[in-house]
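In the part that follows, the structures are each spelled out as structure tokens.
Each of the next two complexes has chain A plus one more chain, namely chain B in the first and chain C in the second.
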Partner chain A sequence: MFEYCADPGSLDSLQWWSCYLTTVKQVMFYKSFGTVLALLFLTAPVILLFGFGGAMARRSRVLPLRWFGLAYSSMVRGIPDIIFFMFALIALDQGIEYIRHITLCPDWTEPVRQGNDFVVCPQAKMPLSSAPQWVHQIYGFFLAVIGFAFVFGAFAANTLYGAFQAVPHAQLETAAAFGMSRAKMFRRILLPQMWVYALPGLSNLWMILIKATPLLFLLGVQDIVYWAKELGGAKTARFTYPHGDWRLGYFLVLLVFYLALTWLSERVFERLTRRVSRGQATMGGTT
Partner chain B sequence: MSLCAQEFSDYALRAIGIGERLLPKHDITLCDQFVLIGSGMMWNIYFAVLAVFFGFFLATAVALARASDRWFFRLPAKAFIFVIRGSPLFIQFFIAYEAFVLIPKMGIDINLGFTEITVETRWLTKAWLGALIVLFLNTSAYTAQIFHGALMSVPKGDLEAADAIGLSGFKKFRRIVFPAMLRLAWPSYTNEAIFLFHATTLVFFSSFPAWRQKGDALYYASYFADKTFDPFIPYPIIALYFVIFTLLLTLLFSFAGRRLNRHIRKDHQ
Partner chain C sequence: MKFLVKIAGIAAVAVAFAVTGASAKTIRMGTEGAYPPFNFVNDNGQVDGFERELGDELCKRAGYTCTWVTNDWDSIIPNLVSGNYDTIIAGMSITPERDKVIDFTQEYFPPDPSSYVALAGSNPNLKGGVIAAQTNTIQANYVASSGAKLVEFATADETIAAVKSGEADAVLADTAYLKDIVKASNGELAFVGDKIYIGGGVGMGIRESDTELKDKMNAAISSMKKDGSLSALIAKWFNGRKVTW
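Coming up: the complex of A and B.
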């Protein structure tokens, strides 16, 4: 970064730090904070979508669909989310490759499962083994987004279902008395009002989501945990910037990052709650 | 033909180091998976039971400190709750492990009167103690927040009634405030216990190494998924185990909850 960084061994501490903190790997560490934030902001809408679908399915008049919605929204209560991540990711990966396999190589005769191996034809590999490194990374990130959305969508389905149920029944009866159709009632009465009831649950879910982002590391994405371990590990004198085991320090930085993020989110949700409860017939709305 | 008898005798106690030393490597059968993952569940249950049990007492203390008028009780309690609830458990595991590793290795003799035991600091780097401490602190903070909320919503009438019949100090707390707080907190507390039980799967997945492959259920499930490259068997098995034990936990808590509410008329609930 700086010119005097050519020979770090000879620098005094201030300059040494300025060089150390601007190495290429350090900058990748800083950028990985962006990865975490990107995951948060990309998955949030997808989670809402999944949750909305789940809640709608659970409210459906079609019995099998209702069962599906119920099963989807209650599974997270019984099974740890991390098991879903581990499962959903491999299953999704293998599923995509299997579908590509049967469409791209129809005349491949060998079975896909050979003992302990999962073998698809080379053209069906996802991403192709010839693809550059960044494609692999983007694909891994994409899978992680889907995995997160699937698991937390189930949480959201629970919250949204409860919110739909919480809208006062008299409101719907009035709408029906005005001759609104079921769809119109949903759009005009139910949907605008349920957000007040959903917000506490959704803000809680957002907090859980923030605190689940280190799981990205387990899914093989190069996130902040990965870089903290990588950079914090002891470096012998053979390295340009030798230092002892600094992982504790790096993790403390992550701790501060997460505390700031949750603290900030709490403030934002407080304001949002005040905003949506304006004009509602609730305790928060009347003041 | 007995069901999985061989596998059972080999691997039923594998998670605590009793039985066959080597894990199955090839020709992995359904029996292997069921028995070994079930064996790992012992660790999940061990962590959950002890953390929730000890956490209950610390949580009560922290909740009371949080509600105290004195700042030197209130502020540390607030800070403790903020730091633990505001950061991922995953990071807490990492930090605790790195910190425990830095503690110098030594033994401290503790005289128990009838016998003397040596407490060694290197136990902290082992999952059975180190991870238990992290889980214990974690659940204490979450539970303290729940208990504090419940404490704030204990009906004023109850407190006035207690004053009126001349209860005060610890007696008032023990007879009136504490039971009312528990009753109000119970549904959320049940949720927290379930969350903690599920969080035990993180222990061997984050920093604490599984010594001699003695791991929890998820450790073995992912071992099988790696070996067979087939996630569709081990993960549903571990999911089944967790569903069963979560149901059991819910039942246990609802039983306790009914006992807490036994004097309240049904139509008032």
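Coming up: the complex of A and C.
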């Protein structure tokens, strides 16, 4: 970064630090904070979408849809995240490659499963082997968004379902007495009032999601925890900037980051809660 | 799930027609990136070390374009067989158990005895004390059967930290890895006990179905052994260590 960084061994401590903290590897660490934030903010709306779908399915008048909603929210919630990430997403990845395989290489004769190996033709690889590493990273990131959304969506579905059920029935009866259609009742009465009951559960989910991002590494995406471990580990003289075990320092940085993020989220949820409780016949709405 | 599969299908078909294949064969080299001097991620964020130089040279001789990928040690074999990369070049000893799941090239690094390292001046009980080792290594297997209490860690670096913090009495690892560590500790750490002879040489792991890649890499290793460039590389990265093939 700076010119004097060419020979770090000879530097005094201030210059040494200015060089150390601007190495390419450090910058990758800083950038990974962006990766984590991007993942959180991209995943959250998708989670809500999955949750909404699941809750609506469970409330549906069609029996198979109700079964589907119930199966989704109860089965996925029961599977440990790490197992889901290791198996379901690898299966999804292989499924995509398999579909590409049968469409792109129709005259490939060798079997796809050979013992332990999963072999598709080179053109079917997803992403292609020749693609630059960042394409692989984006692909892993995309898988992660789907994975997180699918798992957390099941929890959100349960929360939203409960919130729908919590809206007093008398409200809906009154709406019906006014001659509102089902759709109108849903839009005007049920939906606006349900958020008060859903928000505490959704804020829990958001907090858990914030802390779940190290699972990203299972998909080859390097998040802040990976870099903190990698940079904090002791470095011998093989490295340009040898140092001892600095993991404690790096993890303190993460602690500050996570605390700041949760503190900020708390504030936002507080405001949201106040907003959706306005005029509601609940304790929160009367104060 | 139905919904997901459908989406995945649509996405896959869309991507399938958008992307065209490249002509030169690219091999993805999978490594751990946390085992100096074999492989590590240097300050420029690039994979570096003995295996980086070796791998690049092997690819050149075999006529491949190579890209480097890091993957944590614990899942390095599952991700090879599922096709995320094409080789494992990560200081992996050739053992019969691993050979059941994947294939190995011939060794490019001779069998390296394992050693115990403990705090200097301590006298750990190597057969009954607490010994640290990296998960899924030949050393972890050995410690588990030696009567000592095994504590496992995901990376080699964490096993050393455990000894320094007193969580473990000693660590068992490859001597080639530990030499650097003991040297860098300025007398804090020392070798203890006898060397343990376990595991074969270090080879490149390749999917069992990938015989063409294995043959080409074997030929490249042979040619590097013959012209002395492999011995020179080992001497460069392992403090002048002499190896004859």
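As a working rule, the second predicted complex is superposed on the first by the 284 of 287 C-alpha atoms of A that agree within 3 Å, B and C clash if a C-alpha of one lies under 4 Å from a C-alpha of the other, contacts with A are read in each partner's own complex, and residues count from 1 in each chain.
Basically, a residue touches a chain if its C-beta (ideal position, glycine included) is under 8 Å from a C-beta of that chain, and two chains touch if they have at least 3 such contacts.
Keep in mind the model is a prediction, meaning the values are calculated, not measured.
Colleague: With the two complexes overlaid on their shared chain, look at chain A and say whether chain B and chain C clash or fit.
Modeller: Overlaying the two structures gives a clash between chain B and chain C.
Colleague: Have a look at where A:Gln94 lands relative to chain B and chain C in the superposition and call it first, second, both or neither.
Modeller: Both partners.
Colleague: Using the superposition on chain A described above, determine whether A:Val225 touches chain B (first), chain C (second), both, or neither.
Modeller: first
Colleague: Is A:Leu255 touching anything from chain B or chain C once the two structures are fitted on A? First, second, both or neither.
Modeller: After superposing on A, A:Leu255 lies in contact with chain B but is clear of chain C.
Colleague: When both complexes are superposed, which of chain B and chain C contacts more residues belonging to chain A?
Modeller: C
Colleague: Pick one for A:Thr236: touches chain B only (first), chain C only (second), both, or neither.
Modeller: Second partner only.
Colleague: Is A:Leu128 touching anything from chain B or chain C once the two structures are fitted on A? First, second, both or neither.
Modeller: Only chain C; A:Leu128 stays clear of chain B.
Colleague: A:Gly78 in the overlay: touching chain B, chain C, both, or neither? Say first, second, both or neither.
Modeller: first
Colleague: Check the residue A:Phe118 against both partner chains and state whether it touches chain B (first), chain C (second), both, or neither.
Modeller: So A:Phe118 meets both chain B and chain C here.
Colleague: After superposition on the shared chain, which partner residues are touched by A:Pro106: those of chain B (first), chain C (second), both, or neither?
Modeller: A:Pro106 contacts neither chain B nor chain C.
Colleague: Taking the superposition on A as described, I'd like to know which of chain B and chain C A:Gly179 touches: first, second, both or neither.
Modeller: Neither chain B nor chain C is touched by A:Gly179.
Colleague: On chain A, which stretch or stretches are contacted by chain B in one complex as well as by chain C in the other?
Modeller: Common to the two interfaces on chain A: residues 86, 90, 94, 116-118, 217-218, 245, 247.
Colleague: Looking at the complex, which residues from chain C come into contact with chain A?
Modeller: Touch residues, chain C against chain A: 1, 3-5, 8-9, 11-13, 15-16, 19, 21-22, 24-28, 33-34, 36-37, 40-45, 49, 65, 67, 69, 71-72, 75, 81-84, 86, 101-102, 155, 157-158, 160-161, 164, 180-181, 183-184, 207-210.
Colleague: Considering only the defined contacts, which chain A positions touch chain C in the complex?
Modeller: Spelled out, the residues of chain A in touch with chain C are 23-25, 28, 53, 72, 86, 90, 92-97, 99-100, 103-104, 110, 114-120, 122-130, 132-133, 136, 146, 150, 217-218, 220, 229-230, 233-234, 236-242, 245, 247.
Colleague: Considering the complex alone, what residue numbers of chain B touch chain A?
Modeller: For this pair, the touching residues of chain B are 26, 28, 82-83, 85-91, 94-95, 98-99, 102, 194, 197-199, 201-202, 205, 218, 221-222, 225, 227-232, 235-236, 238-239, 242-243, 246-247.
Colleague: Within the complex, which stretch of chain A touches chain B?
Modeller: For this pair, the touching residues of chain A are 77-83, 86-87, 90-91, 94, 113, 116-118, 210-215, 217-218, 225, 228, 245, 247-248, 251-252, 254-255, 258-259, 262-263.
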